[in-house]
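The two complexes that follow have chain A in common; it is paired with chain B in the first and with chain C in the second.
Take a look at the complex of A and B:
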């Protein structure tokens, strides 16, 4: 059993009668890299600030390392935050910035010196100890902020959109470094971002947050392959979401009606006749044919973008209520614009949104 | 291009005339007078002398100068002590609360400061509002002497000059990145440490700026010491006023004025040296 390091128990937050966070419960385990992911304004930063104590909860409880810290000031909570704009003290040297927390906690000078040196070494900032933050580049400032956080030796580090302000290349580098650092230190990182690529590459688990509630908390792979809600399916990756009805059930198989009168055969999962489902097709799961085959969806290629490795197609399907599907194929020669094509999806890659699944 | 330049001068013309006639010429005249002799009937004898400046270094006048500086310094410190908590209190408040409270600070200053100073007499005198209230509630038995002394002058100066301290400090504090305060708290800093280690160093220019704006006028505000000091307390502002109006020794009055201007310049120089920016004072 994994050790819970941070627990939110039925936490809500209101600002001027507007509910920002609605009854969120969340267990975060020791040593994991968890990402709170969601569109801007979904409340992910508020959740982070409620853990650090910079925001008080309106109701519910916050536990850190088994202790109820709901009414504890941020000063006394054993967590540290890396702020979005880094919030380095501009009038202090790098060394003094990293030393700040140790000084506040009255750590003996010798020990402090050792810890600062170690932290600065970890973030590869040796030689910059006596510079001032405004003299450093964005990436270096980021490192100072991380050093200032990890030098405290707390078990949890909170990162608030910390890579947002960096340019793309640096961002990629820092993503890898951050992940390495987290493994190396065995610390719990709680990371807030709106960038799904970042979340997918770095996290052990992702919490998808929308309008103040957690829509899904899962591993990156599970979130991509088995979204629990249409919001998650839509927010992560490219998606085509269609309405489907179960036309009938025969033993192991169920018949799924989509679009006008297309029937796909899927594995029966306790379906009932006439049950309405949301069906997700990822663009890369489509196979494309020039002739009609079994369980295929006919469509017209409306748009064709050649993108080197992939070709991105927009295929118009459905007669009564036409829908444009996003399709990604690797073989560029299969079709061209204005062709009539037939799309199939392997049965195991059809995702029913919200359906229970087995761990892979 | 040339036409444009001419037009600029045209627009500046009123300011140039104003500065020239009402500031520069009188100042030169004062400088000139300060080197003249005085006759016993209050007239001037146009002969060069340094005696006016030497007189300033008399013990009596030096004490007045010292006392003025001390009163101004105390007033400045009190202003700073009031302004910081107020500005920090406003820091994380909503825009509406901020602008409302700042307006409250500013509104009294739409009234003439002389009238407002007279208003303080009603509050501070022996049978005034404050003494009556304190005696009425039984907190004290004998009225406190709140005016016609140094205390009265300091109260008056703090009251009159407070906005000149609040505004620069408030502006510096509100320009400050609030996440620095949060970061400090996050790293375990107590409220006092947050102030001492983060807010104060970040807003030091506002403090210098405000101190200058309070200290310099406080040295010279003769009407406050006239009204609330009751003419019993002499500060350098009264001294100058008296030389011109009562003692009719214009050359000596001029010399003290020039001396005061020199001190002001020295303070501004010092301010610049410590790292203050002239922009914060409105440029120089």
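Take a look at the complex of A and C:
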């Protein structure tokens, strides 16, 4: 059984009269890298701040390491935050920045020195101890902020959009380093971001947050392959979401009607006739044909963008209510703009949103 | 092109002559061996020696210094705390209070002087050094607040949060984190308060009592009987003090700004 390190129990937060967080419950396990992912204004940072104590909950309880810390000041909570703009003390050297928390906790000087040296080594900032933050680059400042957090030896580190202000290349590097560091230290990282790539590459689990509630909490793969809601399907990756109806059920198979009069055969999963479903097609799951084949969707190539490795197409389908589908193919020679094409999707890659699935 | 340049330089020179000639003359005449401020005869330190024995003038000077130092200290503390409080906390009427801070700055000194005098008379306070001090504290606070406020920004609050997060209490955060960050504003606020107090005539005139002369008041009253050259000597000394205080403040500020600018 995994050990719960942070628990949010039915937590709500109101600012003035606006409810920002609605009855969120969340268990975070020791040693995992969990990401709170959502669009800006969804409340993800507020959740993080409620864990650090910088924001008080309106109702509900917060537990850290088994202890109810709902009414504990941020000063006394055993977690540390890496802020979005790093929030380093500009008038202190790197060494003094990292030392600050230890000084406040009155850690003996000898032990403090050892811990600071270790932290600075971990984030590869040796030789920069006597510089001031404004003399450092964005990536180095980021490292100082991380060292300042991990030197406290707490079990949980909160990261608030910490890589946002870095340029793309540096961001990629830091993503890998952060993940390594987290494994090496065995700490729990709670990471807040609006960047889905970041979330997918770094996390053990992702909590998708929308309008103050958790829409789905799952592994990155499960979230991509089996989104529980249309919001999740739409937010993670590129998606085509169509309405479908079950036309009939025959034994193992069910017939799914989409668009005007196209019927796809899918595996029966306790469907009933006339049941309405949301169907997700990922752009890369389409196969493209020049002639009509079984269970294919005819369409017109409206736009064709060659992107080296992939070609991105916009295909207009449906007669009564035309819809543009996003299609990604690897073979650039299959079609061109204004061609009529036929799209198929392998049965196992058709995703019914919200459907229960078995762990892969 | 050349004509333009000539005109530009001439203009600058004239402005600087207009600004600094009176001061230079004052310094020169403090070393002038003649009772009249008209002709320069010989170099002498006589007036500086005489100044040491002019008890009345020295008394006024020490009053002025005591008032300036005390009012600067008190108004800097109150002003800094007010600025931080006004920045940090939300409360009803905050905007009104923020706006009202500028009133003592823009209000004519004479109005402020009269109103302070009437307050003191109504509350039966005995006029003297105490009332001058109170008045100086009152008119200095808005300057300190404005100066400190210019160093506070959203980043300040984030850095304070980082300090709480690392286990610093509110008091320790203020001492170790907030104060060092706003220190340039505190220093320039204090320097402003000090110089304003040092040469204030109007408000001191209204709120002074018998026997509580400050230097500016004393000199002002001497106009009727004629200003003696030892006043020139004293003025030169005050000028020196002011320049030293402001230079230190400016050097400190530019150093901090440079440190911060290096980030870009």
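Assume the second predicted complex is superposed on the first by the 360 of 360 C-alpha atoms of A that agree within 3 Å, B and C clash if a C-alpha of one lies under 4 Å from a C-alpha of the other, contacts with A are read in each partner's own complex, and residues count from 1 in each chain.
Criterion: a contact is a pair of C-beta atoms (placed from the backbone, for glycine too) under 8 Å apart; a residue touches a chain by one contact, two chains touch by 3 or more.
Values in this document were obtained by computation on a predicted structure and should not be read as measured data.
Visitor: Look at where chain B and chain C land on chain A after superposing the complexes, then choose clash or fit.
Guide: With chain A aligned, chain B runs into chain C, so clash.
Visitor: Taking the superposition as given, does A:63 touch the first partner, chain B, the second, chain C, both, or neither?
Guide: neither
Visitor: For A:83, select first, second, both or neither according to whether it touches chain B, chain C, the two together, or no partner.
Guide: both
Visitor: Could you say whether A:310 touches chain B, chain C, both of them, or neither, answering first, second, both or neither?
Guide: Neither partner.
Visitor: Kindly classify A:100 by the partners it touches after superposition: chain B alone (first), chain C alone (second), both, or neither?
Guide: It touches chain B and chain C both.
Visitor: Name the contact category of A:134: first (chain B only), second (chain C only), both, or neither.
Guide: Touch status of A:134: second partner only.
Visitor: Does any part of chain A touch chain B in one structure and chain C in the other, and if so which residues?
Guide: On chain A, the overlap between the chain B and chain C contacts is residues 52, 54, 73-76, 79-81, 83, 85, 87-91, 100-101, 104-105, 148, 152.
Visitor: For chain A, which residues count as touching chain C in their complex?
Guide: Its residues touching chain C are 52, 54, 73-76, 79-81, 83, 85, 87-91, 100-101, 104-105, 132-135, 148, 152.
Visitor: Quick one: in the complex, what on chain A touches chain B?
Guide: Going through chain A, the ones touching chain B are 52, 54, 73-76, 79-81, 83-85, 87-91, 100-101, 104-105, 148, 152.
Visitor: Quick one: which bits of chain C touch chain A in the complex? Just the residue numbers, please.
Guide: Result: residues 155, 158-159, 161-169, 172, 176-177, 180-181, 256, 259-263 of chain C touch chain A.
Visitor: Which stretch or stretches of chain B touch chain A in the complex?
Guide: Going through chain B, the ones touching chain A are 177, 179-180, 182-190, 193, 197-198, 201-202.
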